[in-house]
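Paired with chain B in one complex and with chain C in the other, chain A is shared by the two complexes that follow.
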Partner chain A sequence: MISYAVEQVSTYAKDIDFLILLICGLVGFWFFVAEGVLFFLIFKYRAKEGGKAAYMDGTDPKHTRFISWPHRFILICDVVIVVFAVKVWMGVKQTMPAPDQTVRVVAQQWSWSFQHPGPDNKLDTADDIKTLDELHVVVGQTVQFELVSPDVIHSFSVPVFRLKQDVIPGRAIKGWFKTTQTGSYDIQCAEICGIGHGAMVARIVIEQPERYAEWVAANVATATVPPAPAAPAPAPAAPAPK
Partner chain B sequence: MRTRFLGVWQIAAVTTCLTTAACEGPTDPMERGAARYDQCAPCHGTKGEGKPELAAPPIGGLPRWYVLAQLDKFRIGARGAHLQDSPGLRMRTMALTMPTARDVEVVAHYVSSLPRATSAVPTVAGADAARGKAAFAACTACHGPDGAGNPQLNAPPIAGQADWYLLTQLNNFKHGVRGANPKDTTGSTMKAVAVALDDQQVKDLAVFVAAMPRG
Partner chain C sequence: MTTTTASHHADAHAAGHAHDDHEQSFFVKYLWSTDHKVIGFQYMITGLLMAMIGGYMAYGFRMQLAWPGEWIPGVGFLSSQQYNAYVTTHGTVMIFWFAMPVLIAAFGNWLIPLMIGCDDMAFPRINRLSYQVFLISAVVLIGSFFVDGGAFGGAWTAYPPLSAKATMNLSPLGSTMWVLAVALEFVAFLLGGINFITTAMNARAPGMKMMDIPIVVWMIVVASILFMVSVGPLVAGAAMLVLDQQLGTAFYDPSGGGDPILWQHLFWFFGHPEVYVVLLPAMGVCAEIITCNARKKFFGYKTLLYTVFATGIISFFVWAHHQFVAGIDPRMANVFTITTLIISIPIAEMIFLYIATLAGGQIRLNVPMLWALSFVAEFLLGGVTGIFLGASGSDIYFHDTYFVIAHFHYTFVPIAVIACFAGFTHWIPKMTGKMMNETLGKLHFWTTIVGFNLVFLPLFITGMWGDHRRIYNYDHFPDLSTQALQDLRIASTVGLLIMIAAQGFFVWNLIWTWKKGPAAGNNPWQGTTLEWSTTSPPGHGNFHPMPTVYRGPYEYSVPGAEADFLPQSQPPA
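On to the complex of A and B.
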């Protein structure tokens, strides 16, 4: 159902959508039951001529059964949600499948840059390809990403993957995804990171192996980066929005 | 009944007009530029005085043509798209948030109307302004003997600019962080000059130019 609005492009997107729907379904059911009972009681016990309020101190279980029984049912629903959530969490966050490709994602105010492994498929070698605004991966491959930030906290969010992971300065946070179809999709920052946060966007381009190889061949020659200049100004972190 | 409906239509019409006006903002260029500048002020300061701690240079009073040209460069990725230019990356994104070319024009107009920032406190150590004066001879052909700039040559005024910013930009030009992008046709001229400078000359020049009186 959610996929009508936002496509499912990672292997675990459908599991996360199922969780969202499960929670919406269970919470929604109890919401409508509670509202229905509320309005029914408001209507039934509306002000009437000669009506007299009864005093109930809650010690008689017969008087509290409309609260205690729903509580028990809702507790069962909570357990169901937790069981399914832990199962998905284990699959997405607690396991790290052997990667076909490893990329480094640099989040900084207010742009995304990416380090691809290049023809040797190894990161931090001379043939790495660094790009701004665009991450290229091969469809169907398991991609391991390493998230780093030189300034403030960001969040690497790819809605079609149902992926959202904070990027913390001083840490290299790893995660993975496996794509299911080709296309070009949004990457966005999901953590307020300054006045330009809303415009901190990029694209992930998922390609067939042949197209990816062509892209690598076209970009590897220009991947050399000149040495860093002197940095007289202190490393700044621009202000948050007003 | 007819009167009531007429009233509803009148309210709807007035509300629509007010909403549209609010969305479009002020029509006066200066007011619209001031409104648009709200996005710039957190880094560049309310009067365009700059904030070194955020690597945001003083921009108040820069010529309109230069501000416009730089904003355009940021918007097309000719400047601020190098991975080692963190302040430039920030400025590029902010320039892209301006929805229309008209907004770029009015904010450039507003920035040029701001007072020139007073000379900043020197921050670059280990430099010799006297040596910088000698090295400045190479700059005068474009920027003029008094550093006042020359719009015909796309050379901005540089006299009195903050020394840390001059140092950063000279280093950026020297190392190809700025001016190396094929879309930056005017920056490439500056890059060609900066490449010939050694690190000490860059420092000396930054200090000398920062100390020059503003025109």
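On to the complex of A and C.
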């Protein structure tokens, strides 16, 4: 469903997609059963000349079993969904595999800046590479990220990873992903953050180790200059609303 | 408890209305009235007018999304700042100034005194004050569009620090006016809620026991209780937000020791029960219409009440499902996933009871019934898609996408639009004494339903394919600039245009009803509840003489009875 339009590029993307498919199957079944019964009853019991409606108050077990039995099955479906949802959640949000690389993501009105560890693969050292609106990672590596914001709430969303995490000013929120293929994809801000929110986009570039090493070598020299915050997104000149 | 107040109340009422004998001016009769029916009309009309404003906002931003950057007829060019303000105001207006006034205040005012058989609300002057405060709140909200910096654009959830700092939201006055307007609206509904609860509990007609109260009255009472219990923390939160905005305190500012997440907890502790505050009256309206037009007793009246109470209580323990990825301790997500899925149990039970009520009926598909049945059919989709968002694992992907938008519009449109029209078409013959046009009503129904589904079905897909919320132009996002997505966005906008145009039939029908609507008589739908036993429209004081209740509210098709309905007030043979 989702992978038809949005590729699966992280190790847990397929878990989340499976969970969504599972929920879709379970609730889809009950949805169509309920709609089917609803329309069937409307058709079957439409008013007829001289007809008389049944008189029941809904306490007779002969009648209520049509509700209580489906209800038990729904409870089972709920349990199944909870189990799978919690399992997926814990895998994505409550575990922290040993990282091959650590990056810092700074979300601010209205741009993304990224701090890469540089040749020594350690953050907060002199050889860190800082970029604007472009995050470089090595395919197949586990990346740990740290999200910070100097101003308002943003949200770090990478649809191809099925990953989303709000960025909260005053906190450094950690998370992880492990990529499965090369390519370059959108990083979106998914939490409204002001007038430039609609243009707050960055790209993640997932590369083979050799290409990544080349990129590091080419950028380590220039990386000492921190990036300036981006200008607000250009908005069309507009008259006041009437 | 049930018998004492009616007469005492009538005295007080007569004293307050000694001037009734002489001609009242238009102002006193319609604008300064303490009559619950007039106040119901005031709320209904104001709510519908506010819905037009909310709809205009939706028109503006959906046009922008379908044809980004183009000039929009009737709006002009929409900047990103205005886009955010439109989105914010649309959400705020539709929930606080359309759904609540129509479902709780208008129906509550119209129906509670008429259905429990008393002459007016327990506190008529508080009732008038409630509407006046509500009207002021609406003026403050609309006024925010005309101040320096324009209306607030930080979404209806108003998360700080964005909402707290003028340097970041760029609307120093608009953001404070937004908070002020919402706070005033809460005051109005607290005043209204006190009235609804007190009236329903204390002013019932002689003979009406608790289990004889019509479902819609129960629903409005429970909704009012939910509102009153949940709103306190948010009002405290709003006070802190205004202080942060105007005095530079740091309740939500981490650099001053505050915490932005605090607001989210306060907001959603109110925000989730708020869903049920509007859902329950809508379900109540539909219960009345479905029983009446299926000519059947409600299937499991008591069971329904228990599920309503259960839903109301559980709704206070699910709020953090809006915050799974907001930076709360991830272990909390597991707890809130469980509570959220638990709430699906009573809700499913409720829907099943509605469907079961149809079995064995004699279903008349008149206009109110079409609306009421479509409420059940459409709300089902809103209900089941909520599971994707309540389950933490899948919410990681769906959070803040158009899937969420599609989901909650499949709950809120049935609530605010469909149930509103259901109740309106069902009770307007009672409130005005005139029948509406059946053909125009059906045209209005079908075009609205087609438009509505065309708006929101495509949005499930765009959300699934990655469209995230509150984006004024997707051209900025390389992965979202595909033709397929754009086609779906256009389809959704076309749906909205159909839905808006469909309301022309409604306006036409109103004019037709006004000019040549046939007389309704006391009981056009052969209903059993008390409001159908008095004149249409009910005169001052509602009932002459005051009714006595002999049976439950839904005695339709009783075996052995002559007619297929036994009114609550008809003495036993």
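Basically, the second predicted complex is superposed on the first by the 224 of 242 C-alpha atoms of A that agree within 3 Å, B and C clash if a C-alpha of one lies under 4 Å from a C-alpha of the other, contacts with A are read in each partner's own complex, and residues count from 1 in each chain.
By definition in this document, a residue touches a chain if its C-beta (ideal position, glycine included) is under 8 Å from a C-beta of that chain, and two chains touch if they have at least 3 such contacts.
What you are looking at is a predicted structure, and each value in this text was computed from that prediction instead of being measured.
After superposition on the shared chain, chain A has more residues touched by C, the comparison being chain B against chain C. Within the superposed three-chain model, A:Trp89 lies in touch with chain C and out of touch with chain B [touch as defined at top].
Judged by the touch definition given at the top, the superposed model places A:Ser111 against chain B, while chain C stays out of reach. Legend: residue contacts after superposition of the two complexes on their common chain; A:Val80 is shown touching neither chain B nor chain C. In the superposed model, A:Leu132 makes contact with chain B only, not with chain C. Of the two partner chains placed around the shared chain by superposition, chain B and chain C are both touched by A:Gly196. In the superposition on chain A, chain A positions 109, 151, 194-196, 198-199, 233, 235-239, 242 are in contact with chain B in one complex as well as with chain C in the other. The residues of chain A lying in touch with chain B in their complex are 106, 108-111, 113, 130, 132, 150-151, 194-196, 198-200, 225-239, 242.
Listing the residues of chain B that touch chain A in their complex gives 39, 42-43, 52-56, 81, 83-84, 86-87, 89-90, 92-94, 96-97, 123-124, 164-165, 167-168, 171-172, 174-177, 180, 199.
Taken together, the chain C residues at the contact with chain A in this complex read 60, 69, 74-84, 86, 145, 150, 153-155, 159, 161-162, 165, 168-170, 254-255, 259-261, 294-303, 324-327, 330-331, 333-334, 337-338, 341-342, 344-345, 348-349, 351-353, 355-365, 373, 376-377, 380-381, 384-385, 387-388, 391-394, 396-401, 464-466, 468-473, 476-480, 482, 484-485, 556-559, 564.
Residues 1-2, 5-6, 15-16, 19-20, 23-24, 27-28, 30-31, 34-35, 37-39, 41-42, 45-48, 51-59, 63-64, 66-67, 70-71, 74-75, 78, 81-82, 84-90, 92-94, 109, 151-153, 155, 157, 159-160, 162-171, 173, 185-186, 188, 190-199, 201, 203, 233, 235-242 of chain A are the ones touching chain C in the complex.
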